[in-house]
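Here it is: the structure, laid out below.
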Amino acid sequence: MSVIETNNLTYSYPNAKNPSIKNVSITINKGDFVILTGPSGCGKTTLCRCFNGLVPHFYNGTLEGKITVAGLDVYKNQIHELARHVGLVFQNPENQLFALSVEKDVAFGLENFAMPRKEMRKRVDWALKKAGICELTERPPHELSGGQQQRVAIASVLAMQPDIIILDEPTSFLDPLGAEKIFEVISNLNKELGITIVLVEHRLDLAAKYANHVVVMNNGEVALSGAPREIFTSEKARLIGIGIPKATKLYQHLKNHGIDLKTIPVTPQEAAKLLREALTNA
Amino acid sequence: MLEVKDLYYSYSTGFEALKGINLTVNDGEFLAIMGQNGAGKTTLVKHFNGLLKPTQGQVLVDGVSTCDISVAKLARDVGFVFQNPDHQLFSETVEDEIAFGLKNFGFEESVIQKQVEWALNLLDVVQYRKTSPFMLSGGERKRVALASILAWDPKVVILDEPTIGQDHRQKEKLQHFILQLNAQKKTVVVVTHDVEFVAECNPRVILMRGGQILLDGMAEQILNNADLLAQASIVPPQITKIFLELEDLGLPTDVIDVHEATEILVKRLNKQS
Amino acid sequence: MSVFEGFKFRKVSSLVHDLDPRVKFFFVLVLFVMALLFTNIFALTVLFLVPLPFVFVAKVNRQWLRSLRGALLLAIFIFATNFIFGFLYPTSFSQITPPVDTGYEYLVLLERSISMTLRFVVLIASFSVFFLTTSPDHLGLALQQSRVPYEFCFAFTTAVRFVPVLADEAQTIMDAQKARGLELEKGNLLKRVRNYIPILIPLIVNAIRRSLELAEAMESRAWGANKNRTNLYALKLRGSDYLLVVISVLMLVVAVYIWLNVSIPSLSAILYPAGV
């Protein structure tokens, strides 16, 4: 069952000479964990903003083609209506937190929905628990680390109980440990709650193991779409220049030397296991 | 040459960020300072150009204590590229931006023009010379900021988290560029938590935690010490992780590069069969 | 900057901190009105002493004193203006006919100037206690519950939330430009002002970029979905709040009564009964 479907989606920002995305046709199914990647400027960020209606409602410009999100036609629904189904977590942790305490930020979307206070309280506590930040409830955002701030942003979006959560390079400003924590949180949301995840990410080394679908964009178009292991070993991916996981690269190099590890590893653990088999069986 | 002798630094809030740092960086060295956010990396490098002065201890740049010269004078020899280019860019054109530092240091007009030209070419931003820096993309702004620091040809170049927000190709280019700088006898200090980037460049690595130096050595020798790295909240590079898991099979663990890894494994597997 | 330190909220728990901001504001407003009513030095001194018990209960002594110290410069300026002006144009401020000659007339002028200064100090003293004991969050909530349009309340709390962020950013920008050889303290006045351009422009540009990102985030979290937003917290008036309201009203009533019916002697009249 598809939750996001686009057909020949093309968009140009106002006064732009060229479109930022061209003829993008993708389908994302319920429960998918999709990694959206590609070189800077390939249109990933613009595409994300189409998914929650910022394009075209906030940015205006010219949007063509079909796009349906959670069964809603993006053209015909306002951003706040789409917000009931799609949440967007942005790159900069600092600039998406407005309140003076964590719980007020998490409640923000619910306050906008005019939810009654009792229900809101329960939702806020639930979201804080799922994001693993219960101990930060009353803290002001300025005192938190980047990683903690991003988890607050995730909780704020989660509280609105969307079907889909989109994260636009959420770990850019975080150190590897902070990044890992974020991926674990969203992976849990995907597995436990069935929330569809669209993750825009360059650090495929860390994120690849969670995904069941990878979309690679280049110059505004979708260049590749499919299962992670296929994409990472494709020549096209290498030419476009995405950060293919080292484990996969090692697999390819070994293959070029005539050594076939049978399955394609994406993580060091998988690679080590395959190598151990190869080394002890040889 | 940079010398740090028993450096202690406390912020005005009372927080002790550096607790007894001893370090010598020789001319032409390539050094990566690694550690978790908050370990004191940026605090340390801010002492190299005098932005911060020691609470206790000494920092010497070419034999002169940083307490005895102004930041402006130190900046002539120690260029500092900040993490966010938007904290520096303010001029009407890219040209003006690059000329800013040169003007501050009192260079002659003819020299300024020559250096600006050189810097524009070096960072591949010639086509933007008359463009406003605010009109450029994120990656281009980073290049302009870098060009504006290199323009006055400092002996030491410090880069604070240069790989943040960069895609794969941009990181590769940055790698080559930094290695090039180092090949031109510049002392390069990179503050980063990107262990893959460090693995690709293979510099001297200083690992910091809680304001102290935990480890100091070449990348290959340090990055396989999983326990100490964990203390600094750093994970070993992906390739090293693979070899650490296979340690019991007699494989070396000081492997950080894919090509080296392939060679070792091919040899071993061919030997066995 | 110490005068600002004196107004910054600190998170501590006390009876005063827990009072409803609207009630506290009403109390401070009453003090302000009373300070405007009276010009007598004794009355104003009493008014100055009124916030003191609140300061002690809230344990904000040091910060409160700091705010007074910060206002010292302005207080001296007010005193000087009053004294000099009163010296040059006596009839405009009292019944003294020019020129100011006798020791008594100087005393009246001095007392008058001190009273005016004291009025200003009472204002600072009472408002300082208010801001020191009211969290910006509570303040925003109070504004909202007082029917101020939500856009303004939100703008207020968001601005407060970003003050430390902007302060840090300003410092970083200064460091970044100093690292390019910028010397802020060098040169004549004109040069020094121009030296701040490389600091201000990045600050402003980043503020604009930040606002855009914030707007995106707000929209994405359903800003504008409903005209009547609900709120996670609501301010509820308690016993101590009602008590303070009663005290305030009583104070006002007593003050107005005294102002209308009682003539409090001035200090000068007490010291020099013959001079009148």
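Order of writing sets the labels: A, B and C. Residues in every chain begin at 1.
The criterion applied here is as follows: contacts are C-beta pairs under 8 Å (C-beta built on N, C-alpha and C of every residue); 3 or more make two chains touch, one makes a residue touch a chain.
This is a predicted model, so every value here is computed, not measured.
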| item | value |
| --- | --- |
| Shared interface partners, meaning chains that touch chain A and chain C | B |
| Greatest separation from chain B - chain, by CA centre | C |
| Between the pairs B-C and A-B, the one where more C-beta pairs touch | A-B |
| Averaged-CA centre spacing for the pair chain C and chain B, given as whole angstrom | 47 |
| Whole-Å separation of chain centres (CA-atom averages), chain A against chain B | 29 |
| Residues of chain B touching chain C in the complex | 46, 49, 51, 70-72, 75-76, 79-80, 82, 84, 86-90, 100-101, 104-105, 134, 148-149, 152 |
| Contacting residues of chain C [partner chain B, same complex] | 169, 172-173, 175-183, 197-198, 201-202, 205-206, 209 |
| Of chain A, residues touching chain C in the complex | 49, 52, 54, 57-58, 79-81, 83-84, 87-88, 90, 92, 94-101, 103-104, 107-117, 120-121, 124, 140-142, 156-157, 160 |
| Residues of chain A defined as touching chain B within the complex | 38-41, 91, 145-146, 169, 172-178, 180, 202, 205, 241-243, 245-247, 249-250, 253-254, 257, 259, 268-269, 271-272, 275-276, 278-280, 282 |
| Chain C residues touching chain A - in the complex, by the definition given at the top | 135-137, 140, 154, 157-158, 160-161, 164-165, 210, 213-226, 228-234 |
